[in-house]
Structure formats: C-alpha cells, structure tokens
Amino acid sequence: MAKPKKRYRLAVDRERCKACGLCVAYCPKAVLELSRDQINAKGYPYVEVVKPEACIGCQSCVWVCPDCVFELYEVSAEEGARP
Amino acid sequence: MAKPKKRYRLAVDRERCKACGLCVAYCPKAVLELSRDQINAKGYPYVEVVKPEACIGCQSCVWVCPDCVFELYEVSAEEGARP
Amino acid sequence: MSERVLMNGNEAVGEGAIRGGCDCYFGYPITPQNELTAYMAVHMPRHERVFVQAESEVAAINMVYGAAGAGARAMTSSSSPGVSLKQEGMSYIAGAGLPMVIVNVQRGGPGLGNIDPAQGDYFQAVKGGGHGDYRLLVLAPASVQEMHDFTAEAFDLADRYRNPVMILADGRLGQMMEPLTLRTREPERVEKTWALTGKRGRAQNIVRSYFSVEGVLEKNNLALQEKYRRIAEAETRADCYRMDDAELALVAYGTCARLAKAVARACRADGLRVGVLRPVTLWPWPTEILRSHLDRLKQVLVVEMSAGQMVEDVRLAVEGAVPVHFHGRMGGGVPSVTGIRAKADEIMGRISR
Amino acid sequence: MSERVLMNGNEAVGEGAIRGGCDCYFGYPITPQNELTAYMAVHMPRHERVFVQAESEVAAINMVYGAAGAGARAMTSSSSPGVSLKQEGMSYIAGAGLPMVIVNVQRGGPGLGNIDPAQGDYFQAVKGGGHGDYRLLVLAPASVQEMHDFTAEAFDLADRYRNPVMILADGRLGQMMEPLTLRTREPERVEKTWALTGKRGRAQNIVRSYFSVEGVLEKNNLALQEKYRRIAEAETRADCYRMDDAELALVAYGTCARLAKAVARACRADGLRVGVLRPVTLWPWPTEILRSHLDRLKQVLVVEMSAGQMVEDVRLAVEGAVPVHFHGRMGGGVPSVTGIRAKADEIMGRISR
Amino acid sequence: MKDERVIFSGTGGQGLMFIGKLFAQTAMEFYPHVTFMPSYGAEVRGGTSHCRVVLSGEEIASPVVEIADSIVVMNQPSLDRFLPALQPGGRVVYNASMVQAPDMAGGAAIGPPATEWALAMGDIRVANVVMLGAYVRLVGIFPFETADRAIADFSAAKGPDAQALNRQALKRGWDAADRVESA
Amino acid sequence: MKDERVIFSGTGGQGLMFIGKLFAQTAMEFYPHVTFMPSYGAEVRGGTSHCRVVLSGEEIASPVVEIADSIVVMNQPSLDRFLPALQPGGRVVYNASMVQAPDMAGGAAIGPPATEWALAMGDIRVANVVMLGAYVRLVGIFPFETADRAIADFSAAKGPDAQALNRQALKRGWDAADRVESA
Amino acid sequence: MSETPVYTRPETLTDRPMAYCPGCGHGIAQTLLAGIIDELKIRERIVGVAPVGCAVETYNYLDIDMSEAAHGRAPAVATGIKRARPDLVVFGYQGDGDLASIGLAEIMHAANRGENYTTIFINNTIYGMTGGQMAPTTLPRQKTQTTPLGRDPETTGHPMRMCEIMATLDSPCLIARTATDSVANIRKTRALMLKAFRYQMEGRGFSFIEILSACPTYWRLSPKDSMDYIGQTLVPVFPCRIFRDRGAES
Amino acid sequence: MSETPVYTRPETLTDRPMAYCPGCGHGIAQTLLAGIIDELKIRERIVGVAPVGCAVETYNYLDIDMSEAAHGRAPAVATGIKRARPDLVVFGYQGDGDLASIGLAEIMHAANRGENYTTIFINNTIYGMTGGQMAPTTLPRQKTQTTPLGRDPETTGHPMRMCEIMATLDSPCLIARTATDSVANIRKTRALMLKAFRYQMEGRGFSFIEILSACPTYWRLSPKDSMDYIGQTLVPVFPCRIFRDRGAES
C-alpha cells in the first residue's frame, strides 16, 4: 500500500485578508481562490479554501501572505491508529 | 668647457614665513636655514638664504612651502653673452 | 483675463513660485506638502528651471543657500519636522543676507506628530528657530489664492531686502482646493551686484556669515537690525474685517482667520460688534494696526491652532489695555466655528455684564 | 568637606553631569564648548559610562533620544549652530516625553557667526526652536559653580517631569575658570516604568510622538501643556539682588547678570536704588517674581547679549506698568560695566527729572 | 443658489477623493465659490478617508463641513461617523453592499449595492463612480449629460475600456437614484 | 588684600594661556576669588590671543578686565591694544625682543628680551615663562619659591629637561625684574 | 481526529491588522521578524526602532518594546539604546528613503562604529509613505511622483547599492542582500535575518540585511506582478548575495 | 644681468598671510589651487565653496568669488551654485570632519547625482579647527582630544576610506587619493587637481581628489616629521592611487 497521503487544514482569518492574491498565485495545487461574491469588513473579496483536500501542506501560502492570514495544521485520522 | 652652471635667485617674503623648516629639510643643496637670531613681526625666526650660490633651481623649496614664501628667478649673466 | 482653475494650495504655491520667477526649487518629500514638490517636479523642468529632490531637508536648504548666493531666485518647502531640520541653514541664510523663499505647510507636533493642519510652528517662524539674532519676513496666507499670490510676491520681497521670506501655511491650506485666478504680473527684478558670478573684473564677492575679526560680526548684526526696522516700517500688513466699530476683535491668521470671519459674520447678524484682525505678516507683526483699534476694543480673542503662541504678540501689542483671551486647538485639531462662537459669546457675556 | 578646584565652565558642566548621574554623553565638537566634550571623553569611560563622539549634532541628539528612551540619564552639548541642528530631535524628545539634558554654550550668530559669547539663542531655547507646542525647562547659570550645580540638578528635574532640560550658557561661562566646590549630593532616582527595557512580562512600552488616530495627538498636547503648568508652578526661579527697595531693576541672566550686579553695587554706592532681577529659569520665566516688585519699580533695564530677545518676556510680565529699556550687544560683544552704568544713569536721570 | 456641503467617505482604496474632486471640478461651472477638502488621513495606508466639498454663492469661510447637506458613504464606519453631522432633511447615499440602511428621521437616502455591482461589472474600483452617479442625481445640481461628460473626461487617460466602464458605473448609480428610500 | 587684574597677551603660539592659568592656579592659595578668562580667539590658527586673570577678596562680577592693574605683553600689537586699558600707575611687562618700550606717564615697566633669551636657552617656547617670572616678581603676591614650585609642577609632565628649562626661564625673568624701568 | 500545528501565527505578532497595502512587502518582512523573535525567545528583551516610512507603526504589529525614530535617524537611536543597555537585543527597521537618503550618514557611521545591533533594510525603490517619490534606490527610468518622466541618472543619479557601499567599511560582521519574491527567497531571507540576530547576541557587531521588497501601490503593479518585477528587474541591479559574513570566515 | 622667472606667486593668491599653523598642509593645497586657477585662466568664472574647518577663510587667500557653507554642507551649496549657474566652474574644499563625518550624506549624494563640480578633500585625520578631535579618518590608536587613549576601532570604528566608498557609486568621473608629503607627490597632486578641473570644464561630472595632508599641530609632530608620517603611517591605510578616471577610460 502506498504511503498514506497526509491531510491538512488551513485556518483562514478572513478579516486580515486584503485579497492581494499572492497565496492564490503561489499555491501549487490551486487550493485557494479569492471570493467572487463575499467581502470582509474592509471591503476585500477575501481568500477562500476552495479545494481543501488538494492541499499538500507546502506552506507556500503561509510564507507569501503579507498579512499572516493563515494557520496550517496537519490532520491525522487517529481512529485507533496507534494501538 | 662644461655647460655653464645656471644661477638662481630666491626672493623670500620674510613676513610670510612661519619657520616650519620644510624648505630647509627638502632643499637638496642646503641653501636655506632658519634664522638663528632674527624674527619677523609674527615672531618667527624666518628662513634665510645662506648659500645662494649653491642653488640649483630645483624648486623643492617652492613646492613644499605651505606659505608661498618664495619666488624663484633664473639669473643669466648677460654681459654681452648674446651677440 | 486671467485663468481660473481649481487647485489645491500646494499646487497654487508651486504655480505662484513659477510665476514669481523662481529659478531653482530644492525639496524633500513630506506630507502635507507633497503636492508642491510633485508640482515642481513636473513644471520646473517644463520651464527649463531647476528642480532637485535633495537627499534631505538639510541638503535642500543648503542648496537654496548655494543657488541664492549665485543670484538665483531659489525656494524650498517642507512641513514642520522638515522645517526644524532647516534651522541651521535658515540662520546661515539670514546671516549672509541671502534672498530666498521657504514654505512651511504646518502639521501637528511636536515630534512626528501627525499630518493634520496646525499652527504650532509660529514661534519658530516668527521668533527664530535658528540661533542668533535674525528675522524672517513671514507671510500668512488664508486662501488658495493667497497661497499663490503671496508666494509669487515673496520672491520680490526677498530680493528687495536680501532676506529670507517664509510662507507660513498649514495642512488645510495646502490640501484644500479652491478656484484660483493665476497671476500675470511680472516679477520685480533687482540687480544682484553681491552675487557669486565669478569675479569678472570686480573685487571678489563672498557669501558669508563668519566674521572672526572682533567687532565685525556685531556690525553685521547692527546692519541686520537696521534692515529689520526698515522691513517693519514698510511691509507690516494686516487685514481688518469690520474692525471699525468692533468691541471684540478676533485675532487670527491663516485657516483660523477664515473661521474667525465666519464667526464675526454670525455675531454681527446677532447684533454683536465683532471684527477680525488678521495679521498678514506675522513678522513684522501688525502691532500698530491692532493698537489703532484699542480705544474702541473691549476684548480680544486670539484663535489659533496652537497652545496660544501668537497670544504673546497680541499681549505685547495691547500691553494690558484690554483682556486678551484665547481659544485654540492643537495636534491637528482645527477650531470649529461653533467652538469659537461659544468662546466669543462667553466673552461678550462678560462685556454686557 | 568638598573639594575646591579651579575649572572652566565647560569642565564644570562635565563634572556636574557625572555627579548628577549622567549615564551617557553623546557629543560633537564645536567651539566654545570643546572642553566639555573633551572632559567627557576622558572621564565618562573612567566611570564606566558611555561616551560617544557622534558623527554630527543630529546624530548626537538622536542617540540621546535612544538612550533616554532606554531609561538612561543622557546628555548632549553643543554651541549655537549645532543646537540649531538639534531642533527636530528636541521636538521629538519633548513630544515623546523623554528626560534629557542639553547644554548650549552660545556663541555669536546668526550663521557661522563667531565663537565669542552671545545670548542670541534665547528665543530658540525659551520659545521653542523646533516645531510644535513644547517647552524646555531652561536653566541659566551665571558662574562656574552654577554651571556645575545646575547641570547636576538638571538630570533630577528632567527625570521628575520627563522633560528635556537645557542649560543655556555662553562662551564666556564655558571658557572662564573659577574655583569650584564639587557637588557631593546623590542624584534623585525615579523609577522609569515607561522605559524601553525589553517588555519583560508587562505590556509593551513605546517611545513615540506620532499619533495618527484623530484626537490622540491633541490629548498628548493637552497633557504636555498640563505638565508645563505644573513645572511653571513648582520650578520658576529667580535671584533677586537688592530688589527690595529698587526703583530701577536690571533684568539680566547668565554673564550679563554678573555685570548687572556690579553695576547695581556701584549705583548703590552712589546712593541710587538699583537692584538686579536675575531669572534662573528662563522658561518658566519668573513673571510673578518680577510683578511682585512692580509697586516700587519705576524703570526696568534689560541687559542682554542679543538684540533684546528677553525684553519680550519682561514686557509680557510688566504689561506696560513701567517703562522697559534695553542695553545690549550682539555678535560676540559683551556689554561693559561702564556701558551698562551709562545706560542706567541715563534712565535714572529720567527718574529724578 | 442653495449651498451644498457634502462629505464623501470610505476606506483608503475606495476612490473617494476621485469622485469628490470630480464633483467639485464640475460644480465650478455652477457655483462661484467651491472648496474641496481631502482628509489626507494617516501617512500609512489603509485608514478611512473622506473628503468634503462645499459649494456656495458666497465666500466660503471654512472648507470643513461641520454640518452636512449630504453624505456619501462607502462603508459602515463612515456612516456611523458622519450621520450625526447630517442636518435634518439631509441626503444619504450609502453603499448597500457594506453599509446598513441608516435610521433616518427625514431626508432622502439611497443605497445602491455599489461594491457588488462593481464586482459584477468586473472591477471593484468603480464602486465609487456608482455612488457618484446616485449622489449627482439626488442633489440635482447638473444634468446627467454634464456628469457623464465629466466622468468621460476624467477617465479618458485610463483608456477606452476604463472610460466605458466608468460611464457605465455612473449610469448605474444615476439610475438607482430614482428609488429614493425615505423623504 | 588688593585686587589684581592682569592681562597676558601675545600671538597664538606664544603660550599666554599657559602662564595665565599657572598664575591663576597659584594665586588661588592667596585669594578667595579668582577668575581666569582666555580669549579663545578665532577658530582658525594664528590670531592674537590673550587671557585675563582677576584676583579679588570679593565676589568677582566680571572676569573681563576693562581696566587692568598689570599687562604682560609678548608682542607689539598686544601692547598697542592693551596699554590704553592700563590704569594710571599700572604695571607693564613687555617682551623687549618684539615690543618697543612703552611711553608711560607713571607705573612700572620691565622689558626682558624674552624671545631672544628663550632662543638663546634653546627653546623659543619658554619666552612666556621668562615673562611670567618678571611679572610675578613685580606684582609681589607670592615669593619666588612658590612660583618656582608651581612651574616645576606644571612642567613636570614634559620631562626633566623641559622642567629644568622652564625653571631656568622663570628665574631669568624673575631676576630681570629688579631693573624696573619707570615707577 | 487530531491536528498538529504546522504553522501558527507568531505570538509576537499582535492581532491588529497591518495597515499596509495589499501585497506589501513590509507585511512579509514583519511576519518573519515576529517569527524569529519567537524562535529566539527574545521577545522580553528585544527593543526595535521603527523608521519614518510606511512601517512607522510597526509597534502596532510587533508586541515588543519599541521606539520611533526621526526620519533617517534609527541608527542613532539604536546606538543610544544599545550603548545604554548592551544587554538588550536591538534592531532598526528602515526603508530606502529613510536609510539611504536622509539617514545615509547615520547608517554609515553606526556601521563603521560596529554598533552591536541589527538593521533590517526594506528596499522597495520608492518612498511609500509619502506617496511614491524617488528614493536613492529608484531604478533608472522608473516613474515616480518626483521623476514623472522616469528617473534620469544624468541629473538624479544612479540607484545606490547600500550593501556594496556598506562593504567598504571594516566593522560590519554581516552584510547581505535578499528578496521576498518567492517562497524560497522568503525562507532565505528568514535565515539571514535569524543569523543577524544570532550574531548580535554573540556580540559580533553590526549586521545589515537588505530586503528587496514589493510596493505594489507605487510600482503600479499587481501584487503578483510586483513579485515578478523584483526578480526580473530589481535583482539585476541589486544582486542578492552575502557581501560579508564574519561568522563564516572565522 | 637679467632674470627669468622660474616660479612666481600665483596671481590668484592674495597678499594676506595664511592663518594656518607652521607646516600645515592646507597652505600647500591652496597654493596649488591658486596656481591651477591661474593656469586655467578661470579666476573670473570660478566660484569656490569653503568648508567649516581650518580652511573656512579660504576666501582670504584666494582672490575669487567664494561662499561659505555650513559644516559639512559644501556639496549641497556647490550643487545649488552649479545648478543655478552651470557656466561657472565650481569647487568645494572640505576637511575630513566636514566631509566624512557630519557631511557624509551630502558628499555621497552630490557624487551620486554626478554634480558637475570638483571636490578637494583635505584628509588630515583630525579636526583641526576645533582643537584636535577624532575624525572618521583618524587612525587606530591615534591620540586625539576625544580619544585620549588612542582611537579604539572596537568602539569608535575604523578609519573611513572615502575614495573607496566613493568608488561604489556610478556617477563620479574621477576619484583619486594623493598626498603632499614630498615634492614629487605635491606635483602629482597638482596634476590630479588640474585634471579634475579640466573634467569639470568638459562637463564630465563629479570629481573627487582626496589629499593626505599634514596637521603638525594636532599630530604633535614637527612639520618635517609630519611629512614623513604621511608616507609611513597614513599611506598604508589610505593608499594613494586613482580609483576611477573616466577620461582615461574613454
């Protein structure tokens, strides 16, 4: 069996996002997109995680985001995994 | 007959001299000395041309003097020299 | 007829300088006067004149010193912190008797403060922020039109007296736009026999403020004081609005003078005898003009965007003859018409009692 | 008993600073205060304190700002042109509420002027040469002993009020030597909870004068004004010499006050009622102290090494109650005892007439 | 000739200065006295920003609008801040995409969802022009053609596409202003 | 205790400050009030330079000597400048190598050829100390031993040769002062 | 299900949103700074000096003791702090107008004295805060508010390369130029900044990290295009490399 | 008998005796300057800018139009003059305190803008005028009034080498260091100064001649020993060479 694919969760602080689009541009897996219809309190069409399952946890979005919008977590499916 | 030795006259503006001694130090022919008993209005024992006949017109004194004390002239003994 | 355009005060200064014959502008960016530097960056080269963005305010003022010394009409501009940096240079310029124009578009202070309008640099401008005994001729415009006109005229004044002239404005006057009639008058030109042009057959000219030989500096000082006396005699200006029968004089300059006028109008509408004395020259201060009203005046209210710096000059003028009150705001706050009115009412209430 | 030594004023300031607990000195050479910088270069390291020759006066004042922000007792010194360069920094220090001591050993101006004694920076020191509404506490020593004592005390005052304190001296006071009793009192230490020490468990400390949010800067301004009121209340000082029955008050500070005293003594010897009011604090100015003598005074003569800058503060105090005369010299000239006496006689002649 | 004192307000990037200046410039043909006063805000980016225009038949003593005849607000903080300055019976134009309908005792209010419309038009940056269109119609100083010519002139330098977009936005706003909510 | 107000004057390099300071320092033992005031001259080199010392039993109001009890002058311009400041009956010590004998109505004058003597001693720089020696004797505040100890202390740091030279110069001056020219 | 944090917001970063424009390089640099302060556990003993420039209110974002400095004078202020309190870790954060124009004398002399503090130099080739005027680092032909026709090197000079200038001085222990235009470069930048602070803590003296940084607003480019512009246009003029590393030498 | 002049005093030199100390290098440099002005016949169209330093009263010695400048600001003043009047020949004459300490920003930026004027930089490693304090060029361990135990590079920095710093800028057309410690070197110095003025007259831009120059007074050496000290002690730290010569390149 192939090495189990790791899963990740991106926590997005919408109100910090300024829709600069850098995370979108640098994400290798097209996980992110700017909202087409939602805006935050500052009026920015903030970033949305549109393909969460595709995320490989590479942290590119984390590093390029000038506004520290993201937190990244590795999700382990622990259903009795460790005996 | 050897090439006739050129002769020079140094004009010294005593009142400008500050007795720094640089001309004395740099003169290759010991033409110059600081006065041992005379001082100018500013109180400096100004430079004296003690061996005028030894001067070779090298201008060392002229160049090193910070106070532009000297003028240098070439003296030609013109007694009917040029016909 | 002359052109009428909508411009902000900063740009109006720029165009005024150009029409006033400014040959060289040296500036360094600072809010709220950036539009002026930007205007000069575009327009000075178009007129084949000199625009240099200096590396600092210190460099800018010393470039002005150089250019003015060489006989050019030269100018710099800044806002409060930047003007503080120019104080050594201003003192040199005043000491050397060079004509030049400096614009201070004041902002909130002290320190970095903020970029809102203020008048907290009055003392610096009027008493002398630099060292030694010297004076600037200080003009205080109150509209975009005057930003333009005074700047143009400042070059003539500077040349006439070989003295630095300051336009003391504030962020509001710099930023606000108003329709403006552009100046068409030709600059007055004087011959500058003292300027550095290469000595060209005459005795050497020296631009200097250093006089090491005993007594010579003092002579220069006395000549400066004599010049200041002449300037005070000839150039003192104030704008009197309904002062003829006023019992309360509002004394204010620049932005505050506009507000004071509105208050005076409103008071008059209510039958109160209120006038406005607006100093146009802050140095020389219009002492005699204010004094000429003292027989009728019962109260004076000074309105400023400062802790009350001009109050001292008002008190020096009235010398205790009438009470001098103060209403002001600081740190970028601008007095409101209602606030001034309330203070005026309070004072007038005292009068009627 | 304390030591008695022959020192010049500049060195006395240096030793006063060290005994006043000065932790850091940042200076830049300029005549006539070089002996102070030189003294600190030798003695600060001996006390394991900080001496830095800065690259300029601008750098020096900003180093002081940094060190003072970090809680140190910090000091700089200069003479007129150099003090002008520090004006932006002074405004920042005042705005940020930092304690520090600055010494101005004034010389002739404006511009490069000369290096002889002068008092032409009075306005700069007392009204504020930098931008915005702020005040320095200004002490004016008149002897080598006071150069020493005032400097030491200045550090306590600065800390007490979180305010810059200036020692306003002149070239003569800096250069002259007198026997001096060295100070033995311990500095007053206050806890500086606001200082930059690393945040160490508390909320962050910020040294700032920039307040971009509307209204906040004005609050800082109002707090400063309130502080200035407190300082004026508690710290105003003047030295009254035979003022009790004086008809003529000589008002003079620093070097001129010594001369004035000699004149007063001579006048008294001739039966003339002459006293000397010497402001010790130039800001806050001893207005009330002068006013308390107004009932007996018939004339006031201000003596200064300037065009008469302090005259304004004297006139603001007397408000026309008695004539205010002036005798002064500029540009490095120092009034003579005979010159002052002649002026006093002229005035007294008027009195007797 | 009635005085008009209007405040335009929003966040830094929303183009309030642009529409305020455009309005003042255009109004110069109709009023002898005009002032335009930007809030040049904090030197740093991103704060709220507003500008004020005063039109008058008489000398304008103060370019500061203490009591406004109209307010044009792009975001909620702007409404909250300037509604108290509106005189009774005054006009409010608010960006319904980001501002809740104001609670008014009288006067006129219009709330075009300017940001949404602008996003839909493909450029969020023209939301301001939508607002201008609505305001200009509401205040009724000059006809649509004048406003249209002005926006066309002002945006010409940005190229034909941008110009067309701006004119379209103006029209959208103008059209929205027939649905005045309260009077 | 009589006040003494003395001016020492010469060109920049002639060491006037040195002897003035030495005198003031030494006089501190004998007078409660002492001031020493250098002329710190032009910032550039080479101007004339002078210093003034005041000794008094009372508070000294002014360290500036307007009327001098004594003048010690190393060169002609110094004499020309300060002779008018000398009070009638005052003392003049002049460097006869460079200064013409003053035309005095009264008082005491001594003119050691200090520069020549110093040159002869091998160091022109001790001319000032010759002058000091003459002046100290003339003014009569302290004995030779005090002056000698002071010069020895002050010049100790310069090494034994220089110290000896200085003491010799002082003695030379002191000795010269028995030939007072006018009284 | 359980979650392991891969990246969490640095504790030193406050909750206040940064007032920079979308895509601004200041945000990237300051986020890195916050993370480094966390990593080195120096939040309680670091003092920062803010510039006059867009980053003036850095203290709003970094929860540490900070001082403002007058425009260009951060090096003098940092000198004052560090000399008064050598036990503190001190950094100056400066823009290109602040550091290379008005403050050139101060940074050069602080460097030459080898003051033991760290300078983070944000080179965005423009005066951001005041509205986009020419900086000493502005590229030839770059249009700014004060060079409306593009910078003309004949009259306004060539871009000043601060690392190269700095490298003529003997004292600095670390001089490097880096960029924040790619994930890899951002990581490199972090490593260099970290090294600079380490050197300071080791008492090695003055360190200088120049960061080529985007100003989309006054470059009039989108944030992404700004990133590309750094690599394509800035780096050829301002080569990214380590100019000196005394730690590596010894 | 007739006499042919070999050397006569330059006409540009006034009759006033110079107020410098015996053996001071300023006198040598200014005598050269006067001769060059004569040779180029530019006395009627040259304007000089004097420093604040021992040479402040240079206008007393050179019979030409001159301006004072505030301490360190000669480059800004020269910029103002030359921009206002490009037809003039302009030079700034500055000491090491003036140029390398307080005025570092101004000289660097004037150089970087390529201002078309000539700088004569007198490096005597000391503040002469104010009584012998440390300059940025003061040598390690050199005793001065403000480094009474000798300059300690650890706390006060290493000597700043201005030509080397200058050479990091693109604009200057001529950058050279020379000395006045021997007849040969004085002649070389003159040639370099002459070249600098020629370049300016050809419109080539900023030229910078650094002259290692004696201050016997504050070096506490005799004039002759000062000359030797230049060659033996200064030159190893400040190598004399041409750092750039655009004229030679083209």
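Letters are used for the chains, namely A, B, C, D, E, F, G and H, taken in the order the chains are written, and counting of residues starts over at 1 for each.
Everything below uses one rule, namely that a residue touches a chain if its C-beta (ideal position, glycine included) is under 8 Å from a C-beta of that chain, and two chains touch if they have at least 3 such contacts.
Since the model is a prediction, treat every value here as computed from it, not as a measurement.
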If you take the chains that touch subunit B and keep only those that also touch subunit E, what is left? none
Need the graph distance between subunit A and subunit H over the touch network, please. 2
Write out the two chains that share the greatest number of C-beta pairs in contact. C-D
Distance from the CA centroid of subunit D to that of subunit E, rounded to the nearest Å? 55
What whole-number Å value describes the gap between the mean CA coordinates of subunit G and subunit H? 35
So, what's the distance in Å between the C-alpha centres of subunit H and subunit D? 38
Which residues of subunit H are in contact with two or more other chains? 20-21, 24, 56-57, 68, 70, 101-102, 104-105, 109, 113, 129-130, 136, 156
Where subunit C touches two or more other chains, by residue: 31, 52, 55-56, 58, 81, 88, 92, 96, 111-112, 114-115, 208-210, 212
Please list all residues of subunit A that touch 2 or more other chains. 42
Contact footprint of subunit A on subunit G as seen in their complex: 1-10, 13, 17-18, 20-28, 31, 34, 182-183, 186-187, 216, 222-224, 227
Subunit D to subunit F touching residues, read off their complex: 6, 8, 31-32, 114-115, 171-172, 175-179, 258-259, 261-262, 265, 334, 336-338
Would you mind writing out the residues of subunit C in touch with subunit H in their complex? 23-24, 26, 50, 52, 54-56, 58-60, 62-72, 74, 88-89, 92, 96, 196-201, 204-210, 212
Which subunit C residues qualify as touching subunit D in the complex? 58, 80-81, 83-85, 87-88, 91-96, 106, 108-116, 118, 120-121, 123-124, 127-134, 208-212, 214-222, 224-225, 306-307, 309, 312, 315-316, 319-321, 329-333
What part of subunit H is in contact with subunit G in the complex they form? 101-105, 108-109, 112-114, 136, 153-158, 160-161, 164-165, 167-171
